[in-house]
Amino acid sequence: MLDLALANLLSPIVLSFVLGLGAALARSDLAVPEAVAKGISIYLLFAIGFKGGASLAEHGIDLKLGLTLLMGVVLSFSLPLLGFALLRLLSGMSRTDAAAVAGHYGSISIVTFVAATTVLADAGLSSEGYMVAVAAAMEAPAILSALWLISRGSDQTEMSADLWREILLNGSIVLLLGAFVIGIATGAEGLSRIESFIVSPFQGVLCLFLLDMGLIAGRGLRKADVLDRGAIGFGVLMPLLGAGAGLLASLVVGLSAGGTMLLMTLSASASYIAVPAAMRVAVPQANPSIYLTLSLAVTFPFNLVLGLPIYLTVAKTVIGS
Amino acid sequence: MLDLALANLLSPIVLSFVLGLGAALARSDLAVPEAVAKGISIYLLFAIGFKGGASLAEHGIDLKLGLTLLMGVVLSFSLPLLGFALLRLLSGMSRTDAAAVAGHYGSISIVTFVAATTVLADAGLSSEGYMVAVAAAMEAPAILSALWLISRGSDQTEMSADLWREILLNGSIVLLLGAFVIGIATGAEGLSRIESFIVSPFQGVLCLFLLDMGLIAGRGLRKADVLDRGAIGFGVLMPLLGAGAGLLASLVVGLSAGGTMLLMTLSASASYIAVPAAMRVAVPQANPSIYLTLSLAVTFPFNLVLGLPIYLTVAKTVIGS
Amino acid sequence: MLDLALANLLSPIVLSFVLGLGAALARSDLAVPEAVAKGISIYLLFAIGFKGGASLAEHGIDLKLGLTLLMGVVLSFSLPLLGFALLRLLSGMSRTDAAAVAGHYGSISIVTFVAATTVLADAGLSSEGYMVAVAAAMEAPAILSALWLISRGSDQTEMSADLWREILLNGSIVLLLGAFVIGIATGAEGLSRIESFIVSPFQGVLCLFLLDMGLIAGRGLRKADVLDRGAIGFGVLMPLLGAGAGLLASLVVGLSAGGTMLLMTLSASASYIAVPAAMRVAVPQANPSIYLTLSLAVTFPFNLVLGLPIYLTVAKTVIGS
Amino acid sequence: MQTHDAKRVEITIEQVMLRRLTEALETADVTGWSVLPVLGGSGRSGNWSRDGQISRGTGMVQVVCLIRPDKLDALLDAAFKVVERHIGVVCVTDAQVLRAERF
Amino acid sequence: MQTHDAKRVEITIEQVMLRRLTEALETADVTGWSVLPVLGGSGRSGNWSRDGQISRGTGMVQVVCLIRPDKLDALLDAAFKVVERHIGVVCVTDAQVLRAERF
Amino acid sequence: MQTHDAKRVEITIEQVMLRRLTEALETADVTGWSVLPVLGGSGRSGNWSRDGQISRGTGMVQVVCLIRPDKLDALLDAAFKVVERHIGVVCVTDAQVLRAERF
């Protein structure tokens, strides 16, 4: 496992992240323009969705698909409750902030998922193509749990059908699922046509994206004084607990080692797109610096550098490859 | 032909367009940043121009080149007259609006052309490399016809040498023709150097562009109440008439089946770059919602989904492949 | 050599530059969005740094590395003194402007360096991988010389630790060196993973970047009346002198023909990123139109079109390939 | 040249709230506005920048409305309901406009 | 700090008309302005957004000119000739500037 | 709706000077501002455009600060020290703001 951690640490992807992190901490003016970052993120979502769909089309629909989706939704709903309890225990932040943070950990980080698929590929493991759909299914339910936790505290939250539409139709869910469906519809033949766009250069593009994630995480760390020690501990402990829950869920369903690692990763990762946007609208009184810093500057790096090799080792050990 | 239409419908390119269309109609916030859309469009123009030039360099200058260019210019000049008459017949829009719309249909849509080249490639057909130059030649003449139609109605229009310079030197014409000339100058050897940039990933990049076109078309459709029923009918009928005119012109010149399909496509497609800009400057009183919606939200989808397979079938039947 | 110059002139890269130049001079509205230009520049810096590092990792650290770095720093420090003397001789511009311009010529242009590596690759020559690090090392020292020249004239300049941090940590240095280190760390294996992103499409991406450089140079030329004849002469003469100094330095170190050509190119090229920014902060009274126009619209095109084949021929003749 | 009294209202607000704001403006019968991008800024909740922004949750925009003076109160009421619990600032200046019939 | 009376003129205009506007400003002897991007907006001709814009025909920008008060009329006349038949709005506010010699 | 007197200060400055300006603002106890991109412009040192900009040396931004009137002098002093030797313009207008406690 140490070997694996080291190999992971020395991958261009992780090193690109570290470069961005270092540059931001040293206050370099290195920056990726917003439009470019958004463009790359569209590319990644499209590619990962499409490849998932094409792989599903090739290997046939698995009977476990429905069950895994269900498990994903259950995880997304329940992990915030666990997170909330843990945060109240470890950190002194307000109920509202704690609930908002917890919501992020029930949802998922798609870049962490993408990084996990490249780690899997390097390890020569395959996984169920529909894990992409599971990722999409896990984005939103956690928001509901967070809002329920907040409303229990009788704090005001603004929740409307309108906001729900906004959450469920947010660009990244739509693009991921849409590309997934296109992948299913066009299958191996469709993939072969755009392979040299979405497969071959994928890891290189991911490097640039992780460079940017590093810059963002580094800028976040420079504001990390909004986090008390308990909160930082949470940012490291929660992914491990989440991954554990993901492992259990995977055992119930009976996923492959690759699929298990991906479900652990999804459970371990914290949202930085869908959930923050929903929180800003529904719970403006929650401090965005807290949840964004925890998610982007603590948990994301932890998962990328240490989490992924851990989840892979555990998955391989428990499931066998 | 039904097979062909279905295969076309299930290509990643068309499905990406449909995804964008659906996302916009469902009011998802999925959006491609303006800078990214412009960057992709620069890529597509450069690639298509270069490949046309390189193919011309390889197959030698064709004696029909001059004649085809002439035919393109004639089509671009005359199709607006046909379009204007048809619009006055079908729709209740004002003379000025009708003339402005008609101008768009004499000019061309370069993405439709690009999509047509990939349909051709899938069908294993080749075409005259200089069709790219014909596309460029067809961009501007239609504008003159539209302005003539408008000035006849004694409405004011502002036409100056200055505006002409602007139209003829607009970025997309310059880039397309410039890349075409570079392709001729560097030939197969130049192409081999940048092939893995402009050839292999081309279809994939086109998918993302069509995703964006779908989003734009979808947003347009949400405003489609500016169009009366006659106008919408025009948006579907006019491309078919245009394609017919293109077919005749092609028979006069004696193009290959591939070239015929491309000339039909050019004639059938409607501008959304050069002509709207010229209209905004010269005929500000014409309503841009009408011509942009018709061109982007009616005719473009029609051509992409149904038009292209029709034009291909007709071209193959009439010319033989 | 004439052959070489012609071959260079007809490369897609140079022709793309010429296209941009022509478009800008003809006042076309062709433009590359700022975000796209920055995105491409991030790609080029990352790719060139990474490839340099990977090549170093493969061929082993060369004992000459340290000496070459030292030579680069010495060149960067001393070329501005030469440039300043020459400018005072040739042109009527003020001391401050002359010093600011001279500073640009001690520093380097990374795109010229990138173009030189593709010329080398076409010529089948290899070079020391660490030349990328030499490029980074040459960026900043020239700024110090320029500021020293200006302060001697008792003009005010604002120089602070803060500004130094800014210069040394400017985005392009950090990215270039960071990618270089990542390349060293991950070596051939890392390169193989992202090869189809940073190697195969490289020349094509470079074409688009040079298109943009051409647009910028062309817009600059339209303002070229800020330059007197002597200044323009300087813009052509100075690169040749710089290349000569680079050649001498290379002979002292004993670089390969490829490395020699690159060191000549670095010495011959003029900065348009790090130095202008530093000058704006430290010497706002120096006219940016003068130094940007000379660097981008005179020296850059000269190097790209004529300089590179000259440097290559000289390097091959003097060193033998 | 003939000009007419007007108010220029500038509302700096989180991008996620933009649609809600413009809907509120429409309800208050304000039909003209322009949205300008904001690159970054600073306020009571710290400073931020749009660089490399990937989260949809942050980032602000500026909405500029030119209106007839008598519509100001309706506009401010509408805007206030949206920004009330959210971060952001509202600034009103006296202005003169051409072509008053447009407002 | 010493400030001087000035006018701040803000012209929101279609991007395709920008060059014509700045040429008219130069003719009217106005030599200083800044152009700001507009992301989207709403007016009598409906609402629009810059997202995914590929047509050059749409999209607006804002031109801000600070001028000496006595130059206002010349500026407005020049601007009006350009915007007259086009969509767009012009807004003038009283302002104070530093370094009056620049205007 | 209750509004409060304020000043709107708009500083157009080179992007390379932005950090220095905001640091100066903080020193002058100004804690709220927004930065807007500028696409291009014209002034005594000629005209420029952000298109295809690759040099970090050029390009401007606009910093908008809303402040209580009594803080104006401190702000202008701070801003002036930064822009003094640099190109750029400073413009102050009278304004009204909601939620005065924020300024």
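In this document, chain identifiers A, B, C, D, E and F correspond to the written order of the chains, with residue numbering beginning at 1 in each.
One rule holds in what follows: a contact is a pair of C-beta atoms (placed from the backbone, for glycine too) under 8 Å apart; a residue touches a chain by one contact, two chains touch by 3 or more.
Keep in mind that this is a model prediction, so the values were computed, not measured.
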Trace the shortest sequence of touching chains from chain C to chain F and report its length in steps. 1
Among all the other chains, which ones are in touch with both chain A and chain E? B, D
If you average the CA coordinates per chain, which chain's centre is most distant from that of chain C? D
Going by C-alpha centroids, which chain is farthest from chain F? Tell me that one. B
Take the average of all CA coordinates in chain A, do the same for chain B, and state the distance between these two points in whole angstrom. 40
Would you please write down the residue numbers of chain D that are in contact with two or more other chains? 36-37, 56, 93-94
Got the chain C residues that touch at least 2 other chains? 29, 31-36, 38-39, 170-171, 196, 201
Pairs of chains, among all present, that meet the touch criterion: A-B, A-C, A-D, B-C, B-E, C-F, D-E, D-F, E-F
Spell out the residues on chain A that touch chain D in their complex, using ranges where they run on. 31-34, 37-38, 41, 156, 158, 170-171, 212-213, 215-216, 219, 223, 272-281, 284-285, 287-289, 292, 296
Over in the complex, which chain B residues touch chain C? Could you list them? 33-36, 38-39, 42-43, 46, 50, 165-166, 169-171, 174-175, 178-179, 181-182, 185-186, 190, 193-194, 196-198, 201
Which residues of chain D touch chain E in their complex? 1, 3, 6, 8, 22, 31-37, 61, 64, 66, 93-99, 102
Which stretch or stretches of chain D touch chain F in the complex? 10, 12, 36-44, 47, 60, 62, 73, 76-77, 79-80, 83, 89-94
Chain C contact footprint on chain A (complex, rising order): 10-12, 15-16, 19, 22-23, 26-36, 39, 196, 200-205, 207-208, 211
